[in-house]
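One structure is given below, represented as C-alpha cells, and several questions about it will come after.
Letters A, B, C and D mark the chains in the order given here, with residues in each chain numbered from 1 onward.
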Amino acid sequence: MDRKKISKTDLSRWLDRIAETCDLIGPVKEEEVVQFRPVRSSAELTLDYANSLLPPKSLFFPPVEELFSYQKRGEEIKLEQTKPLEKDRVVVGIRKCDVESLSLLDRVFLEDLEDVSYKDRRDRTALIALACPTPPRSSCFCTSFGIDPLSPEGSDILLTDVGKDYLVDVATEKGRELVALADDLFTKLTDKKAKELQPPPVDMPELDLSELREKLEGLWEDDYWEKLSLPCLGCGICTYVCPTCHCFDIADVGSTSDGVRYRCWDSCMYKDFALMTSGVNPRPTKRERVRNRYFHKFSTFPSRYGTNYACVGCARCLVHCPGGVEITTVMEDILAKEGASDG
Amino acid sequence: MVSGSDSLGNGFEPKILVFACNWCAYAGADLAGVSRLQMPPNCRVIRVMCSARVRPEFVVKALSKGLDGVLVLGCHPGDCHYSEGNYFTRRRGLLLRKLLQYVGIEPERFQVRWVSASEGVKFAETVEQVTEQIKALGPKRPRSGVLPTEPGDS
Amino acid sequence: MTDNIYLPSMATVKEVRPETPDTSTFVVTFDDPTLRESFTYRPGQFAEMSMFGVGECPIGIASSPTSKGFLEFCVRAVGTVTNAIHDLEVGDKVGVRGPLGNSWPTKEIEGRDLLFVGGGIGLPPLRSLIRYVLDNRDRYGAVEIVYGARSPQDLVYKDELKEWDERPDVEFYVTVDVGDETWDGPVGFVPPFLKEINPSPENKVAFTCGPPIMIKLVVNALEEMGYADADIVTTLEMKMKCGVGKCGRCNIGDKYICRDGPVFSFEQLRKIPGALEV
Amino acid sequence: MQDELREIVRKLLADGAIEYFIGYCQGSEPHRVFPCFVTEESEVEKLVLGPLCLQNLSKYVLQARDLGGKVGVLVKGCDTRAVVELIKQHQLERDKVVVVGVPCQGQVDPRKLEQALGVPLERVTGVEDAGDEFTVTVDGKARKVGKEQVLRDKCFFCKHPMSFEYDYTLGDVVPFIIDAEKSEYAAVEALEELPVEERRAFWRKQFERCIRCNACREACYGCYCTECLFDRKVPRWLDRPPLPEENEIYHLIRAVHLAGRCIDCGECERVCPVRIPLSRLYKKVQKDIAELFGYEAGMELDTVPPLVNFDLDDQDPFM
C-alpha cells in the first residue's frame, strides 16, 4: 500500500481535477442535512461531517430507479432498458461503516443472480474513504462488529485528517490511477513518517457480540418483541437510513401503453409489505415486523450469506428513530437474556 | 397526457377535468349541447351524483398528474338535490383553493361554480371562461417523469 | 432469463381457456423465436407475468417442460394484476420473466410411488409435475391423485381430470366441498377424504398444494398415516415481488421463497422459524 | 413532580386500573428522551419529565384500544388537544384512558439547542427548566440558555401550558414570559406573500426531497384510519416510487385530510428525517380553518369539526 500525504488545499485541486473526467460525488450540506450527491466542484463538499443522513448505498441502489420504460406501438410493446452510467464516478468522503455495508450489499446484488445496474455502478465507481474523527460520535458502534473506522479496506483510497494535511493510503489500482491524475500534489511518505502521522486506534465502547446470534435465535417466541414493538410507529426511517437494508418494491408508473417500471426502496416495517392479495399477512403486527428486522440483521442474513452480522454500527437508525427504538439497546437486551430457550 | 404546445406555449390546448353534478350542471351541459352552444373542446366531463362527491384528493391527484385545470360544478346553494351536499362542497372548495394557491398552483386551475339544470348558457360560458383562463396560464407542469440523477440532486 | 434480471420477455397470448368462473388458463408463447426454442424450465417453477402499467405477479407454470414451445398459466382473478391478465385476449401481449424459483424434485423421486393432493387452484402447480411424470411414465411408480374444490364448477382442468380418471396407470379421486345437481361424486373436504382413501406411505412421496388451511390439515392427515416429513413436499405461497431473492418480501428464516423455494419438504420447513405459521 | 408521577403510576398499576402506562424515559444517552411503556410497578422509576419530553404520546393510545382494559397516558397541555380531538372523532372512549396531565414550561428543540450551544448534542447530559431559561449541562458544566433561543416553534404560541382534560394532574405551571416577536403564522404569511412561481418552487424543492418513509403519517395522532388511502391497492391513489409528483400528492392529500384535525403538535416536522418544514403546510390549513370557519381543533369536546358542518352564511365566491 502506498502512503502519501496531501495538503487540504491541494486535496481540493486534486478533486477538481478528478471532476474534469469523472462524476465527482461527495457529502454536501443543504438545509442542515448532509447528503451524498454529484458536485461540479470540490468547493461544494462538506468533508467535516459526522455522517450523511441517507447512507451512500443510495449511489449504488438508488431510492428510485428506472428499470425500463415500456411503450405500446401498434400491437407491439417495446421495452427500453435503462442505460448504464455515462461516466466513471468517484465518491469521496465515504465512511468506513458505509464502505463495509457495500460489501454486504454486494452479496445480495452481485451473488447468485447478478443485478446489472448495481454491478455497473459498483464497477465504475471508485471510493475515496474518509477516516472517522477521534473521538467518533458517541452513538457509533462499528467496532463491535469488528470494523476498524480507520482502515482503508474495501475502499480504493483512504483519507485521514491529520491537521493541515490528509494522510493518503492508496489501496488499489483504481486508487493509484486517481492519484496519478495529479501526482505532483502528493508527497510520498516513508513508512516511519506515515506511522507517526497515523492517529491512534479509535476508542469506542465495544459490545461482545459473540453470543448475539445464538441467543437471538432462541428468542423467536419471546414476549420481548411485543414490548419492543410498542414504541415503534411503523414508519420506514430505520430501513431507509440503514446502509445494509436492501428491500425494494417494483412498481409501474404510467398508463398501460406508456410508462416506466421503477424499482424503489421499500420497508419491511410497513404493514402492507408482505401482505398478500389473498388478505393473508405473514407479518401481521408490529411484533412480527420488528422481530423480522432484527432477525434479518443478526441471524438470517448472516446465515444466508455467511457473513458476520448485517449491521455496520453506523447508528443512523438509532439516531433517527422517532419512537426511540435503539438497536444497541436491543442488542444489549438480547445479550442479557438468560440462556437460549428453544423457540 | 402531455399537453400539446410549441415552445412558446402558443396553440396550447389545456386538458380540463369537469366534475358535474347529475342534478344540475350535468343537465345544464346537456342543455348547452342541445341548444348547439359553441364550447371549447378542452373539457372532459365526469358526472357525479353530487358536487360533494368530489373528494379533495380527486382534485389534487388530477392536478399533480398533469391535468391543467379542474372545474367542479354543483347546484346553487339551497338547491341541492340532497338538501345540503353543496354546502360541504363550498367549505371544501374554499379550503382547497387556498391550499393549492399556497403550494404554487394558480387559483384559476381549480374552480367551483354553481350551474343549474336550466343554465345551459352559463355552463357554456363557464367552460369557455375557464378554458381561456387556463390557456393564458399555460400548461400546469411540463410532464416531469425525469428523475434527479441521484438523491438530493435537484 | 435476460441479462437484466428485471426485464421481462415479450410473449403473445395464444389461447384463453376458462376453467372456473374466476380462473382461466392462458397459453402464451415467446415472441422471440430463439427464446421460444431455448426456453427451458423444471416443473414447479414459476414466472412473473407483467401487465405494463399495472405490475407483475408471480404465477406458477402449469404446463410441463415435456410440452415444448408454449407455457401455460392458470390464473385466478383476485388482485390488480391478475384481473388485468383476465382482460387479455388471444393475440394480446404480456411480459414473462422467468423461469424463477426451485422446482419439484424429479430425479430424486424416480422409482417411487407418488401421491398428489391438490385443492382448488392448488392443482395447476402440481399439474406441471403430474404431466411431467405421465410423460416419463416408466421412470416412476404408482401415481395417485386426490383433488378437491369448493364446488363442481370450481374444479380446474375438467377435461384433464376425466383423462386421468380413465387412465389405467393413475388412481384418481375427486371430491367437492358442496355438490350440486350435476355432481354424483363424493362430497366433503380434502383432508377427511384423503384419510378415507388412506394411501399407504410405503415407498411414497406426497405432494400437496392448496389453500394454507388445507395444506395444514392434509399434512396432519399424512403424518397420521405414517408419512415422513421428508416425504411430504409442498409449494409455499408468500408475497413475492422481485422473484430473484433480493427484494426481501418473501423472506422466512434464511430462505427467500422466490429463490430457494417455493418448493419445500416439511422436513425443511420445520427447521425454519415461522415457516409453519404462514 | 417526577416523584408524584411515579407514585400515581405505581398506584394505577398496583390497583390494576391500567394495562400499562405510556410516559417518557431516557434513551441510551441523556439527551435522548423517548416514549416508554410501563407495565410493571418496578419500572416506574424509569419515568422522567422535562423539557426534552417531545413526543405527543396520544398517538400511542390508539394502538392500545384493542386491549381489554385501560391505558394510562401522560399528556402535556398541547397533547391534550389530541386526546380531545380523538374523543370527538370517535376514535377513543374517554373512559378507556387514564389521562395524567403535566404542566409544561416549554420544550426544547434539539436542533436549535445544538446550534445555540455550538456542540454536538451527545455532550449534553441534562436540560432543566429554569423559568425564562434552561439550564443545560454540557460536558459536566452547567450553562444557561435563553428559552427564546431553543424553544420549539409551537411553544412560543402555547395556548395550553396546562392539560385541560385529565384524571390526574401534576401541579401548576410556573409563569414565564416569552416574546415571540411575531405572529403564530409568520412563516406561513411570509410564504403567502411570495409570487406564485416562487411558492411553487419552494414546495417542489421540499417535496422532491421526501423519501416517503411515512414517518409524518405514522407519528401523526390524526392518522388513525385503519387503512390509509395511500396503502389502498384498488383504486391506487399513490404510486410507490417517491417521484416528485407522487410526493406532492402524498403531502397535499395529507394536508387536506388533516384539515380541522391538526393540532400543531409538530410531530410530523420533528420526525422528518429530511427536514421538510411540514408545519408550514399544516399551519396554513390550520390558519385557513380558523379564518374561514372560526374553528380550532382539540379545544372543546362539544364543537362540531368544520368539514362535517356548514353555515348557510359561509363565504361564497363561487357564484
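In the analysis below, contacts are C-beta pairs under 8 Å (C-beta built on N, C-alpha and C of every residue); 3 or more make two chains touch, one makes a residue touch a chain.
In this text the structure is predicted, and so the values were computed from the model without any measurement.
Visitor: Could you see whether B-D or C-D has the larger number of C-beta contact pairs?
Guide: When C-D is set beside B-D, the one with more contacts is B-D.
Visitor: Which chain has its C-alpha centroid at the greatest distance from the C-alpha centroid of subunit B?
Guide: Max centre-to-centre separation from subunit B belongs to C.
Visitor: Using CA atom averages as chain centres, what separation in Å is found between subunit B and subunit D?
Guide: 35
Visitor: So what's the Cα centroid distance for subunit C and subunit D, whole Å?
Guide: Here the centre of subunit D sits 51 Å away from the centre of subunit C.
Visitor: Let me have the rounded angstrom distance from the C-alpha centre of subunit A over to the C-alpha centre of subunit C, please.
Guide: 39
Visitor: Could you work out how far the Cα centre of subunit A sits from that of subunit B, in whole Å?
Guide: That gives a centre separation of 46 Å.
Visitor: Among the residues of subunit C, which are close enough to touch at least two other chains?
Guide: Where subunit C meets two or more other chains at a single residue, that happens at 79.
Visitor: By the touch rule stated above, which residues of subunit D touch at least two different other chains?
Guide: 211, 243, 246
Visitor: By the touch rule stated above, which residues of subunit B touch at least two different other chains?
Guide: Within subunit B, residues 145, 147, 151-152 contact more than one other chain.
Visitor: Touching subunit D in the complex: which residues of subunit A?
Guide: Residue list for subunit A touching subunit D: 31-33, 50, 53-54, 63-64, 137-139, 227, 230-231, 233-237, 240-241, 249, 251-253, 262, 264-267, 270-272, 318, 320, 322-324, 326, 328-329.
Visitor: What residues of subunit D sit close enough to touch subunit B in their complex?
Guide: That would be residues 188, 191-192, 196-205, 208-209, 211, 229, 237, 243-246, 248-249, 252-253, 255-256, 259, 281, 284-285, 288-289, 292-293, 306-312, 314-319 of subunit D.
Visitor: Residue numbers of subunit C touching subunit D in their complex, please.
Guide: Residues in contact with subunit D: 79-80.
Visitor: Using the touch definition up top, name the residues of subunit B that touch subunit D in the complex.
Guide: 56-57, 60-61, 64-66, 77, 84, 87-88, 90-96, 98-106, 111-114, 141, 144-145, 147-148, 151-152, 154
Visitor: Can you tell me which positions in subunit C touch subunit A when the two form their complex?
Guide: So the residues of subunit C touching subunit A come out as 1, 3-8, 10, 51-56, 78-79, 82, 84, 91, 93, 95, 212, 237-239, 241-242, 244-255, 259, 273-274, 277-278.
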